[in-house]
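Structures follow.
Shared between the two complexes below is chain A, which has chain B as its partner in the first and chain C in the second.
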Partner chain A sequence: MLKPGLLRFLAGLFFSLVIGWYVFPYALYEKFEQPIQFSHKVHTGETGGLSCTDCHEIKSDGRFSGIPALEKCASCHSSAIGTSSQEKILVDEYVSKNREIPWLIYAKQPQNVYFSHASHVKLAALECTECHGSHGSSDSLRPFQRNRISGYSRDIWGSTMSRINRASWDGAKMDDCENCHDRRHVANTCLKCHK
Partner chain B sequence: METNHTSPRYGMVIDVDRCTGCGNCMVACAVENNVPPADPKATERTGTTWMRVSKLENGLPFPENRSVYLPVSCQQCDHHTPCVSVCPQNAVEYDTESGIVAQIPVRCFGCRYCVTACPYHARYYNWWDPVWPEGMEKTLNPDVSTRMRGVVEKCNFCHGRLQAARAKAAAEGRRTIADAEYVPACGESCPTHAIHFGNLSDPNSDVSMLSKDKRAFRLLEELGTEPKVYFLSEQDWVHAIVKNKISTELKGHGNG
Partner chain C sequence: MQFVGGSALGLLFTPIPWKVLNDSAIWTQNWPWIPAPLTGEFTSFGTTCTLCQSACGMRARSVGKQPVSLSGIPGHPFNNGSLCTAGILAHHLRYHPSRLRQPIKFLPGTGYGTPLSSTTVVDEISRCLNGNRGPVVILDGRPGRTASALFGQLGEAHPAVRYIPMSAPAFDVLHTMSDAPLGPLGYDIDGARLLVNFGAPLFDAWGTPSRASKVMDTRASKTQTVIHVEALCSRSASRSDQWIAARPGSEALLALSLACVMIEEKLYSAAAARTIGDFGEFSDYIRTFSPEAVSGASGVRPETIRTTARAFASQSPALAIVGNDASYETCAAVMALNILAGTVGHTGGVARRNAIPDAAVFPSSGVRAVSLHDVPDHSICTLIIDESLSGCTLSDALLEKKLVPKDATIISLSPFVTSRPYCTQYVVPSTVMFETMSDVPGPIDAAVSSLAVSAAVLQAPDGMMDAVQFAQMLGRALGSTTASGTTEELVKQRVAAIHASKRGTVFAPSTGVSTALQQCASADELWSALAEGGCWMDDAARGDNAPAAMTLMNAFRAAQISLPQSHNVDQLFVVPFAETTIYNGTPVSPLLSKVSQESGLRLSLRQAYVNPATAMARSVANGETISLTTKNGSMTVQAKVDASVMPDVIFVSIAGSRESSVSAHSAHDVRLLCNVNENGSFSSTPVSLQKVTA
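For the complex of A and B:
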């Protein structure tokens, strides 16, 4: 039989873990909806036929254009395709007013971090799904979660607090970069990823 | 993955006989590396100048008087790098892929041991948070992070330019870059082409050959830190003064 002291200790531990692992992370992140609900699924695969690089491209100078400019959308959506409410917002609010869509960037890294899509995609030959998972076949955009203290996106830490058995696309912390570099015998010097 | 070729070791050769002391390198450096305008309270010792041009004089009266200008930045020591060995925080590292002495400001906690250890006075402590006049923040270079108050910073051979050059090469499927693809801002801006830059590991590069020239010297060579910045001068008094006096000349951060 458990002693009352031990019981109280375990109850306190349980309570602390719930606070630390669920309540605090929940309170820490502020949620924002994207300006438009965009479906990758409709655009890619059999329905849309587009590939990742049709909208997210590596420029010839090696820079990566992650969020496509409005002109990319407008090249097909100059007038409404279909009658959905999101399509109406796209055409009326952005395309016809020639206003860029203020997307919230899930994968935005802190300003002292350097990352080159060119070297990871062209030289290391990584597939997009290696780091972005099934993002390309998602049907809606999840809310953007911003850390109230640091201002960083939740995608930097990842969705789980424990980080055990997490997928390669769940989180992109310094540890994750270093571990992958280690596995692939790529240098882990500071200047490799910092500027 | 990238072990098929030997890593480059970037170095610089500065021809002091060609340097006119115009200060272009200092300005280009500050603009490239997001160094903010100096705080009104900043002095000769507390301002930030990754590249600094000092004046050396032979001390003789007219008409025998001569002077040269000596642009001094981080000397990128190759051996026993003093700042690397003293940093308690691993915020300074010798980058094995480029030979550049890397300073990671976000990791630095501002003890300034490295500032003391550096024999060249090439390191600068941020006494104030950076402030840019309104509108000027739009000119910030996105390839270089800004630094906050309380951390140390220094020249890193415009490493952001190396990253940009590597990314461009990667987009074209190349793992190596040619010397001409990567030049620091000071070298690019020098109107008299006094600053040469390139890979010291390549025996055929400009800098390799110039560094072996009989006019070449380095600052405080006797310390054995093997700086990767060389200077060239045909004038014997410059060699003599650098050997004997350089440590005191630079102590007050130059008087040019």
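For the complex of A and C:
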């Protein structure tokens, strides 16, 4: 039979573990829905026929367009070409009003980091899925989770709090960049990313 | 209590402590008052750097119109894709801490300025210019611009105003040696087989590192030989084929000694000698400076002098060059070498170049401009300086010498605070790069004329003027007429005049190639190429450009070069020393100044280079304190024993500080100990050294 003192101690221990591992992550991140439930699945692959770089363009001088501007969407969706409610929102709220879509960017890096998509995709020949997972074939957009303290997207830390046994696309902290560079024997100096 | 203890222990095994610590650290980087770069799609545009005369083509990566990073334009004739460190950070200058926001009036001796409104400063300048106080001089540190043409118009239109464009002092001397006008001159460095460089920072600052790398490439491909003459093994000296260590101040003697050998051994150009009217008198004069006679004063062995002279005569075309801060004597002696070698007016020598075709709105009077050195001492009552573009640092010691003591006024246009403590000064705030359109002519001593254009992409803060607006304001204040129109309109007229001349080539960044201007269909097409960071380069001057008749002795009688009566072999000399960079004395990005000043790579104030032999002879060890005494005073410095300086010469650091009035220096400034040359530079001065024991 356990002594009452030990029981209280274990209860406190258990309480902390529950708070730390289950409650804290919920409290730390606030969730925001994307303005439109965009379906990558509809646009890419056999259904849509587009590739990643058709919209997320890497220009000839190395510039990366990032999330495409409204102009790109409007080139096909100047008027509705389907019947989905999300396309209706796109056309009515953004294209017809010429208003940029306020996308919430999952993979946005801080200002002090210089990341070149051209170097990683064209020079190092990395697949988009290496860092972005199956995002390109998703049928809807998951909520954007913003860290209440740092202001960063949850995707920078990764989906799990422990950061153990993660996939290559799950997290994009400095350690992840360094480890990837190490594995591929690429220079890992400060000025490589912090220009 | 047990529950709290368990909770505390459990907390350590949860993500809370380290996650909160991590996120809090990031939170401190993102406080709202910390400025964040703009976000948005990156675009790019081409332009031309205005930080110095090299006119490097640069590509700006920008968000909207805000440049966020700069790089060189590949294939550009001036910089071929590279930029110097100052140029890479040129977009920071707009936000420099010492940027002027409104006009300031400084009173002599105070060092403190009183802010004025834009209207008040114009009124005060107008009163100052119209007060019949005496001669007004407009000093142009970057001649050849549209603003320069306007300043020139003021000089021609107003009897009290004298326009003085900055010129290469060596060419000023060469003009005085020629019996007929020579026109614009330049060093054809690329075309020379042998370069004898008397202290010019050819490979470290003369035309930025990017220009220097171009010169080095040219040298490698054409097997050009460079001999560098300097007391210090500077970067230029170390990158040359041969370093001749000569005592500072003995460069003129050394050049004359080379000339002496050429005449003694009849190595000079016979054709050139026939054009020298006083060749006999010059030959008699020069014989005094035999290698044996000069060796003691210069520290260079006679056989080295003879070998160098023979190489200079045999490896035609050979060119002797000198820095723009050289003394009159050195300039005269070095130009005499070029005349004897017969390379004046020829490829690979001191080439004549065509002037940039003038637009109709800027009629040229054809009167040759005078040099600041020709202006009598203490004669200028009002001095106007356009310092809106950096890279045109003027010797304050020289300015102080030319101004009327205690009653002079300087009116300067500058983006930054430039206080001169010896006179009343009005500083009118100017625009910086990216805020105004500007034409950028090439270096004053380039072999061919050139023109590029710097783009205006950002809105200038209220109350800022560019150089053209400043010249027009002065014109209104003086009641004189200057060309009207905006800067862009006037620059476009110049570009149209260049297009009409059909001379030269144009480099277009969009194609990456240079084509003959004749193939350029319209002035608009030329403008488009220049506006995106291209450049126009003139053709080399055609025909026989050698001077027809020269008289050398007038210059040498003025120079009064003489051998020292006796040379004390134990005599030490002290010289002020600063790392040579293109941005000496002009503000650069705070990021750059922090890196270069705090890296420990440079000497700091009160440190001095001493040759190991000199140090050993006086039992001075590295890091020990020594006392230096000249007839002007004494100071203590820390000795840094270094073999890159020649024996018997102590190089005391001025730590890259802005050259300024001697009277403004603290007691720790070595310039207080040194003698001042007639051109405002500080000469090597005899000094005694004593080790300071604790």
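We adopt the following convention: the second predicted complex is superposed on the first by the 184 of 195 C-alpha atoms of A that agree within 3 Å, B and C clash if a C-alpha of one lies under 4 Å from a C-alpha of the other, contacts with A are read in each partner's own complex, and residues count from 1 in each chain.
Heads up, the rule we're going with is that a residue touches a chain if its C-beta (ideal position, glycine included) is under 8 Å from a C-beta of that chain, and two chains touch if they have at least 3 such contacts.
Predicted model, so just to flag it, every value in this text is computed and none were measured.
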- With both structures lined up on chain A, is it a clash or a fit for chain B and chain C? clash
- Kindly classify A:Ala167 by the partners it touches after superposition: chain B alone (first), chain C alone (second), both, or neither? neither
- Message: If we overlay the two complexes on their shared chain A, which of chain B and chain C does A:Leu123 touch? Say first, second, both or neither.
- Response: first
- Message: After superposing on the shared chain, does chain C or chain B touch more chain A residues?
- Response: C
- Name the contact category of A:Gly12: first (chain B only), second (chain C only), both, or neither. second
- Message: Let me test your reading of the model: by the given contact rule, A:Arg184 touches which partner, first (chain B), second (chain C), both or neither?
- Response: first
- Counting only touches as set out at the top, which of chain B and chain C does A:Asp61 meet: first, second, both, neither? both
- Thinking of the overlay built on chain A, is A:Cys76 touched by chain B (first), by chain C (second), by both, or by neither? neither
- Task: Considering only the touch criterion stated at the top, classify A:Leu28 as touching first (chain B), second (chain C), both, or neither.
- Result: second
- Message: Touch test for A:Gly20: chain B only (first), chain C only (second), both, or neither?
- Response: second
- Query: So, A:Asn147: does it touch chain B (first), chain C (second), both, or neither?
  - Reply: second
- Pick out the stretch of chain C that clashes with chain B after the overlay, from 457-465, 619-627 or 673-681. 673-681
- Message: Let me check the overlay on chain A: which residues of chain A are in contact with chain B and also with chain C?
- Response: 61, 63, 111-112, 195
- In the complex, the residues of chain C that touch chain A are 2-11, 13-16, 19-20, 22-24, 26-27, 29-30, 36-37, 41-44, 61, 69
- Complex contact set, residues of chain A against chain C: 5-6, 8-17, 19-21, 24-25, 28, 61, 63, 65-66, 69, 110-112, 147, 149-152, 157, 161-162, 195
- Message: Considering only the defined contacts, which chain A positions touch chain B in the complex?
- Response: 58-63, 111-112, 114, 116, 118-119, 122-124, 184-187, 189-192, 194-195
- Task: Mind listing the chain B positions that touch chain A in their complex?
- Result: 1-3, 93, 95-98, 100, 102, 104-107, 143-146, 156, 159-160, 163-164, 166-173, 175
